[in-house]
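After this come two complexes, each holding subunit A, first together with subunit B and then together with subunit C.
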Partner chain A sequence: MNIDLTESGGGLVLALRDKRLDAAAAPAFRERVAAAAEGGHRLLVLDLQHVEFVDSSGLGAIVSALKRLGPGRDLAIAGARPAVRKLFQLTRMDRVFALHDDVAAALAGGAG
Partner chain B sequence: MPRRLDLAIDSRAELVGLIGAALRGLCAEAGLSAEAAGDVELAVCEAVTNVIKHGHGDRPGHVVRVEAVVAEGLEVTVVDDGAALDPARLAAADPARPFDPADIAALPESGFGLGLIKALMDEAAYSSAAGENRLRLLKRRAAPA
Partner chain C sequence: MAGGAETVLVVDDSQFGRSLLLYSLETLGYRVRSAADGVEAWEILQAEPISLVVTDWQMPRMDGLELCRRIRAGLADRFVYVVLVTATMDDEAALAGLEAGADDFLHKPVSLPKLRARLASGRRILELQRTVEAEARRVAAAHAELSAAYDTIERDLRSAAGLQQGLLPAPGRIGRLAYDWVFEPSSALSGDTLGVAGLGADWAGFFHIDVAGHGIPAALTSFSVHHLLARGRGAVPETPPGDPAAAPFWLNPAAVVAELNRHAQSSPDSAYFTMVYGVVHLPSGWTALTQAGHPAPLRVARGGRAAAVGGGGFPVGLIEGAEYEVETLTLAPGDRLVLHSDGLTECFAPDGEPFGEERLAALLAEAGPLPLDAAMAAIRARLRDWRGGGGYDDDVTLLALELTEQP
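Then we have the complex of A and B:
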């Protein structure tokens, strides 16, 4: 699981470099995000622009990451492709996560 | 002569992406739109992952087959010899699981797969006989506008 971490004024951006966030990738993703969350940033932005495929295991790992952050901290999604957006919509997780067009919008809009 | 392609992987999660990649090509061959192809890839990968996780308890060494037929769209049948699914669970499945979006700690992290399969495909039918389970999925080609 390749993830680039970038500090930005408004939070910590996690850019996934792999094309799939699925059942095979989810355990490593969970570990990497849990480690990144220890930095204490109030806002984490998950940049999914390079990710072509997310399945329900990947979605579960994203939900798990949000839970780990705890109260007062948030996880926003940036750059989700249409198929990934559809997964959030069908599962109604678009009511939990703000889906921003890009990282800049996610940092500006916060948790939505 | 049916236009059919059979695929098979060992029961390992890291191989499911190969099925997805092959399906994208088949969806183009079947004349499905990009959105429909994404639907098929997600539904079939969910089904194959379910077989590996629940049918075989994440144990490698079992064959999971995917039979694809290009017809009025794409018909995909996932065939396995693992523990069978309770058909009532497929019948009751809904990808929109009930939850309170404000109650973060109680959000569901799993249980979406079967509901997604039903929501993404035009037809989903499960049968199990003589130790063989078959999940037949159909995505129809959209009628020309």
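Then we have the complex of A and C:
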């Protein structure tokens, strides 16, 4: 699981470099995000612009990352492609996460 | 002493030669057995676990060379280090000795330092050999244990897969509602499950579940949910179709799914799942369903197109206190309602192209005129073709319901 971390204006951007966030990638993703969350940033932005496919295990890993952050901290999604956006809509996760077109919008919009 | 408890077999036809070697070896701390020729030595080696042999070459009945050959050919259970004692040492003799299987040579007269050096070298090799053998035995034992464990797991998985298939309803009908399914698990155990059951005289309930992930944890969750849903059978009073919120529990899909969500929250380690739960009023075809993160059910009108029903919903076990919506529709005679898991639309062809919803909708419309069982066979065949051989990455399952004419 390749994830680039960039700090920006109090937020931490996690850019996924792999094309799939599926059952095979989910455990490593969980670990990386848990480690990144240790930094204590109020806002984590998950940059999904390179991700073509998220399956149910991947979605579960994203939601558990949000739960891990706890109250007062948030996880926003940036750059989700249509197929990924559709999965968020089908599972109503678009009501749980703020979906932004890109990282800049996610950082500006905060938790949405 | 260097000799320790190692036993050396001394083989010499001369009483004097044997005594000399015996004395020297005992001085070096070895225990000694002796034999007067190769025949006697071979009998001792077959009966006793001796691994060091010092043998004369020239002997009656069986000479040292033949004894070497016997040892190499006949003692498979252990390595024996053989020192051949020779009167002369030319290249030809050395070659013959090595070819017969001797490990080292001693020239007569045998001196104590030379004997000590040869045997010390022999012991080093024996020690190495024993370490290798012990390691090989350890590896073999570990391997046997592993394959026994693997066989047990394989057997258990096969029997669990059998139990899981046994949960599925035999294709058939409940009143006017005919049903059939496609169930192709990715591994032996599936995270998908489905069911259809009568709820009192006028109603039938149905569900299709896809637990996140695969294998044993997903299968255990799917078993457990199947069990929870099976409690509804028969326990429903007569109720006309109408507002689901006012209906008895098992006829209110949003309540059933919310209850499963509550139940899933109480066991934080369980996998979450997506599902559709619905009920059909058999006399009228009136149907209510809740879609919890599951792909939208497809309604296939008789001889017509397939159209998606509903817009989505929270998966079960992911968000605490999630509220669920109910979608209602009325099936006309000949209409089908088809539920599927994303393993079907995300079934990838060898070139990476997913089967997709449009293809599924077209396939269902095309299979519309076929009886249900033939339609299921056509779907199975099309998906296998699409996959192009090999197993499925994800469970590929589908439940088809058809409202038939009045019975």
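Following the convention adopted for this analysis, the second predicted complex is superposed on the first by the 111 of 112 C-alpha atoms of A that agree within 3 Å, B and C clash if a C-alpha of one lies under 4 Å from a C-alpha of the other, contacts with A are read in each partner's own complex, and residues count from 1 in each chain.
Here is the rule we use: contacts are C-beta pairs under 8 Å (C-beta built on N, C-alpha and C of every residue); 3 or more make two chains touch, one makes a residue touch a chain.
Since the structure is predicted, the reported quantities are computational estimates derived from the model, not experimental observations.
Student: Based on the superposed arrangement around subunit A, label subunit B with subunit C as either clash or fit.
Tutor: On the superposed model, which is not a single observed complex, subunit B and subunit C clash.
Student: For A:P82, is the partner it touches subunit B (first), subunit C (second), both, or none of the two (neither)?
Tutor: After superposing on A, A:P82 lies in contact with subunit B but is clear of subunit C.
Student: Of the two partners subunit B and subunit C, which one touches more residues belonging to subunit A?
Tutor: Looking at subunit B versus subunit C, the one contacting more residues of subunit A is B.
Student: Does subunit B (first) or subunit C (second) touch A:V96, or do both, or does neither?
Tutor: both
Student: I'd like to know which partner A:R20 touches here: subunit B for first, subunit C for second, both or neither.
Tutor: first
Student: What stretch of subunit C clashes with subunit B when the complexes are fitted on chain A: 2-10, 182-190, 236-244 or 326-334?
Tutor: The one stretch of subunit C in steric conflict with subunit B is 182-190.
Student: Going by the contact definition given at the top, which residues of subunit A touch subunit B in one complex and subunit C in the other?
Tutor: 23, 53, 55-57, 59-60, 63, 90-92, 96
Student: Quick check on the complex: what are the subunit A residues that touch subunit C?
Tutor: These residues of subunit A touch subunit C: 23, 53, 55-57, 59-60, 63, 89-92, 96.
Student: Show me the residue ranges of subunit C that touch subunit A in the complex, using the header's touch definition.
Tutor: Contacts found on subunit C: 210, 212-214, 271-272, 274, 293, 295-296, 311-315, 318-319, 322, 342, 346, 394.
Student: Report the residues of subunit B in contact with subunit A in the complex, numbered from low to high.
Tutor: 12-14, 16-17, 20, 35, 38-39, 41-42, 45-46, 49, 52-53, 95-97, 99, 101, 104-105, 107-110, 112-113, 115-116, 119-120
Student: Report the residues of subunit A in contact with subunit B in the complex, numbered from low to high.
Tutor: 20, 22-24, 53, 55-57, 59-61, 63-64, 66-67, 71, 82-83, 86-87, 90-92, 95-96
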